[in-house]
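Presented sequentially are two complexes of subunit A, the first with subunit B as partner and the second with subunit C.
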Partner chain A sequence: MIIAKNALPGLLDKLAAEYEVYAPVKQGAYSLYKQICNGAEADFGYVNSKIPPKGILFPQSEKLYSYSVTGEGTSLEECVDTRKKVIFGIRPCDAKSLLLMDNVFNNDKFQDPYYLTRRSNTILVGMACNDPAGTCFCTSMDGGPFDQSGLDLLLTDIGEAYVVEAVSQKGKDLAAALALGAADDSQKAAAAEARESAEVACAVNTVGLKARLDVNFYDPIWEKFHEKCLGCAACTYSCPTCHCFDIVDEAKDCNGCRVRNWDSCMFPLFTLHGSGHNPRTSGKERMRQRIMHKFKYFVDNFNATACVGCGRCIKNCPVNLDVREVLADIRGSEARSDK
Partner chain B sequence: MQKLASAIQDMAKKLLEEKKVDLVVGFAGGSLPLRSTPCFIRKPEDAEKLTWDYSCENNLANYLRKREGKVAVVAKGCDVRSIVALINENQVSRDNLYIIGIPCSGMVDRVKADEAVEGKDLLAVEENGGSLILKGKGFSKEVKLDELLHDTCKVCRYGNPVVYDTIIGDTVPDKAEDSFADVAAFESLSPAERRAALAAEFSKCIRCYACRNACPMCYCTECFVDCSSPEWIKKSTDTADNIMFQAGRVFHSAGRCADCGACDRACPMGINLRGMTRKMVKEVKDLFGYETGVGMGEKPALATFTAGDPEPFLVKE
Partner chain C sequence: MQRNPYLPLPMKLVKNFTETEDKLIHTFTFQFLSEEDEKSFPYMPGQFAEVCVFGKGEAPFGIASSPTEPGFLKFSVAKVGLVSTALHMMEEGTIVGVRGPLGNYYPLEQLKGKNIVIIGGGFAFTTLRSMITYILKPEHRGDYGKLTVIYGARNPGLLLYKEELEEWNGRSDIDLVCTIDRPVEGWTGRVGFVPTVTKEVAPSSENSVAIICGPPVMIKFTMPELEACGFKPDQIIMSLENRMKCGIGMCGRCNVGNRYVCKDGPVFTKAELNQLPNEY
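And then the complex of A and B:
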């Protein structure tokens, strides 16, 4: 199937009439996924967004329910978002991150209705990466610039148009509803060529990483990584797989709500007990937790690494603490090679 | 720059070999274009990792508190001002500190570089006289280095360290007095316009607290935003609370902020934080004639008083 670029704004308008449409929007020098009212707001001249689109399904601050207490009793209103959504132009790495997050919010022990309702009502229209960034290492994390995992449709930029591939039934249904035309052979060939020439230049060798992490909890190597770390959440909040949260009640007089907020293992407050005791006393333990959670605990729990190689933590770190170097150091030398 | 880097390496090596210090805090080459990274050197043979150029933007004063032993720090003008402020607040001991001062003519703002290439992926940077050539896949753009400097650096009058044990590099020329034109422009807005301008800026905040954590003067054991009883601001992201957080931070650093711009540089969302911090810097300068971190032994403006202090807030006209 095919979408001509000049027809895209109109198509997004049409989608926006039925769905909440989220697409990359320019904000200064960077892009963010924002809800758009008309197609002209979207700008697909992006490498990837500054902050991942995970917040559309798992908002940074999310009201779970609100309550009020009156003379007649207590009333409670649950806030489950059932609106239909389309994320248009999600990158393959971010789509993959949602598959990873599914493990957390939908497993034998827990089914999170807030996330899962949004998830089932959301269509993911992917945009393949013809030109991955220098900080991308998705191919080292079981993904790729044209990876279809988790997507419903995948678009490939061929210059004047996007070649569209349906990945799931949801995607096929959407394509049918939009009455997309068929791509001709030369357009299909152009998409195939784009796929061939897309190169992820950076590789992170993870062979043996998990085995090292299984045994190195007390290794002196953890003494050094955190020394320059500021302990902010630029890495975790810009990570598409970080999913830790904190639940607070926000109340005024007899009215209030329960809110779920993103939290970060890099904050001292993250593990501070009510007693005042903190099991993770310094940056060392906090940094170790972040790496362990992504590359060991998540693997133990769900048999997958909680990193998709999007490179956002590398770009956003205020002191250039590069996770690729941390992983290389943990594995030993030569773990990372720039082709 | 190369010469400067090797002079810094030699000095660090000498200090460590002669056991004058146990640690040298400086910069090493980073993993991205236009990016150096803070590094900690403890062995003389590691001194060769040290570097110096226009990408050493972090304020290393942030790494000096609660250190044991003697520490040397590679410090540009603004780092030194923060160090002086920390010494004046008894947070760092001058006796245990060796300042390798570096005259600085400014650091590159990566946001400006990203803007110059319209958000495309920057892969390499080459120097060409007074210009930088920004390169990526399918583009190459030459931009004057001066145009890429942080706004802080453009108005900084203390590029030459005010205190040091040794100085490496040529002193930079003096600059004219800061006119605070940016603050004046903000002040000239109506209250509604000011509110709108602040809301537009702080709606971008993701509360990662990189600004607070990058600030050498933000060293409270418990930050007011982390306090749960009383809860000064909501834990949820909300533009009004985001503004309250910054306003609280700025008031708390009144007379303590050296206008180094570390907060602004750390912000991943590119929020103009100096709009607020500089308003306070200007207020303190206008009211008390005080500039932070330029005089060793000075009491911070709000930690002392003189009979001549203006008290406009007590006078009702």
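And then the complex of A and C:
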């Protein structure tokens, strides 16, 4: 199937009539996924967004329920968002991150209705990466610039148009509803050509990494990674697989709401006990937690690495701490970190 | 989808009791508002719940009552911060929220036929009270062997559940040893730290399991005594208290290695903990 570029704004308008449509929008020097009201706001001249689109399903701040308490009792009102959504132009790494996140919000014992309701009401229209960034290392993390995991549709930019592949039934239905025309042979060939020439320059060798992490919790190597870290948590806020949150009350007298906000294992207060004891007292323990969680604990629990190689933590870190170098160091090999 | 795990059950505070002489621990009795609510909260000794004070927030506390005591839940709470202070000042009759039951519980099935040694220190006696009350229930008592309880506090005024301690003291189906750190006038019980008293009592490890809850120092020094009595790591049960928010394995806060204390714990055997990093 095919979408001509000049037809895209109109098509997004059409979608916006039925769905909340999220697409990359230029914001100063970078792109962010925002809800658009009209197709012309979207700007697909992006490599990837500064902050991942995870916030569409797991907002940075979200009301869980509101309450009012009176002498006679309480009334609670759940705030589950059931609106239908389309994320248009999500990159394959970010789509894959949602598959990882599903494990957390639908675990062996509990289900999170907020995330899961949004998730099942959201269609993911992916945009393949013809020109990955220097900080991308998705191919080392079981993904790739044309990877289809988690997507409903995948678009490939061939210059004047996007070639569209349906990945899931949801995707097929959407394509049918939009009455997309068929791609001709030369367009298909152009898409195949783009796929061939897309190159992720950076590779992180992960052979033996998990085996190292299985045994090196007490290794002195952890003394050094955090040395220049400021503990600002830019890395975790901008990571599409990080899911830590805090729950707080916002209330006036007896009327209020319970709200959850993104939180981070890089903050000292994150694990501070009421008694004053803190099991992760310094940056060393916190950095170790961040790496261990992604590359060992998550693998133990869900048989997948909680990193999709999007490179955001590398780009956004104010002191240039590079997860690729950390991993290479742990493995005892040399890192390739083209920026 | 199952019930929304973030929504608390409204409960009524029927008793706000000052438990210790220093007034820092209060025991709260919350009443279920309906039979239906109570049915939706089936719990076992060792589990915890998130108690929410509307307008302030929520915090996890071990359930001190036993499922054999229907109609209400009990929590004993130390005053340390926002939620616990709000609870301490709360008037009886106020509605709070309770979210749970959360976490796993003491392995009551596996403990059947075994002798049980319970060791508690300070105010970490809450879920141990639940456990003891459960075992002492006539229909359960026969399922378990000898029940020994060693409970220490700095001074007599800091012991929790004094009425029950007295009642247990008079029974023949439980061996209760209470101890205080330093001699005090009027105290006729033992004096000495929990590890020392454990050594003196020297519970047999034969067909036994020890459950130990208390401040880290107490645990640290009691462990070698238990080992000296022959307790193996899989015969020692502990309950962890990492900082928590969600209680359901999602907020990422309470993990020790690859386990979430809230969802996979808080009850672990020493053998299980030996497999995990010492981050608690």
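Heads up, the rule we're going with is that the second predicted complex is superposed on the first by the 330 of 339 C-alpha atoms of A that agree within 3 Å, B and C clash if a C-alpha of one lies under 4 Å from a C-alpha of the other, contacts with A are read in each partner's own complex, and residues count from 1 in each chain.
What we mean here is this: a residue touches a chain if its C-beta (ideal position, glycine included) is under 8 Å from a C-beta of that chain, and two chains touch if they have at least 3 such contacts.
What you are looking at is a predicted structure, and each value in this text was computed from that prediction instead of being measured.
Q: Is the arrangement of subunit B and subunit C around the shared subunit A a clash or a fit after superposition?
A: After superposition on subunit A, which the two structures share, subunit B sits beside subunit C with no clash.
Q: Should A:319 be classified as contacting the first partner (subunit B), the second (subunit C), both, or neither?
A: First partner only.
Q: Classify the contacts of A:46 with the two partner chains as first (subunit B alone), second (subunit C alone), both, or neither.
A: The first partner, subunit B, only.
Q: If you stack the two complexes on chain A, which partner ends up touching A:301: first (subunit B), second (subunit C), both, or neither?
A: second
Q: If you stack the two complexes on chain A, which partner ends up touching A:26: first (subunit B), second (subunit C), both, or neither?
A: Once the two structures are laid over each other on A, A:26 reaches subunit B alone.
Q: Going by the touch definition up top, name the partner, subunit B or subunit C, that contacts more of subunit A.
A: C
Q: Let me test your reading of the model: by the given contact rule, A:67 touches which partner, first (subunit B), second (subunit C), both or neither?
A: In the superposed model, A:67 contacts subunit C only, not subunit B.
Q: For the superposed three-chain arrangement, provide the angle subunit B-subunit A-subunit C between C-alpha centres, rounded in steps of 10 degrees.
A: Here the answer is 90 degrees.
Q: Could you look at A:261 and tell me whether it touches subunit B, subunit C, both or neither (first, second, both, neither)?
A: The first partner, subunit B, only.
Q: After lining up the shared chain so the two structures overlap, which partner does A:246 touch, if you call subunit B first and subunit C second: first, second, both or neither?
A: Both partners.
Q: Who does A:228 touch here: subunit B (first), subunit C (second), both, or neither?
A: A:228 sits against subunit B, while subunit C stays out of touch.
Q: Working from the superposed arrangement, determine the closest approach of subunit B to subunit C, counting only CA atoms, in whole Å.
A: 6
Q: Name the residues of subunit A shared by its contacts with subunit B and its contacts with subunit C.
A: Correct list for subunit A: 246, 248.
Q: Give the list of subunit C residues in touch with subunit A in this complex.
A: 1-2, 4-8, 10, 33, 52, 54-59, 78, 80-81, 84, 95, 97, 216, 241-243, 245-246, 248-258, 263, 277, 279-280
Q: In the complex formed with subunit B, which residues of subunit A make contact?
A: Listed in rising order, the residues of subunit A that touch subunit B are 26-31, 45-47, 50-51, 60-61, 131, 133-135, 227-228, 230-234, 237-238, 246, 248, 250, 259, 261, 264, 267, 269, 314-316, 318-322, 324-325.
Q: For the complex, which residues does subunit B have touching subunit A?
A: Interface residues on subunit B, with respect to subunit A: 30-32, 35-40, 58, 62-63, 111, 114-115, 118-123, 137-138, 204, 206-210, 212-214, 226, 234-238, 265-270.
Q: Okay, in this complex, where on subunit A does subunit C touch?
A: Its residues touching subunit C are 64-65, 67, 69, 73-74, 76, 78, 80, 104-105, 107-114, 116-117, 217-218, 242-249, 251-254, 256, 258, 260, 263, 265, 270-275, 277, 279-280, 285, 289, 292-293, 296-297, 300-301.
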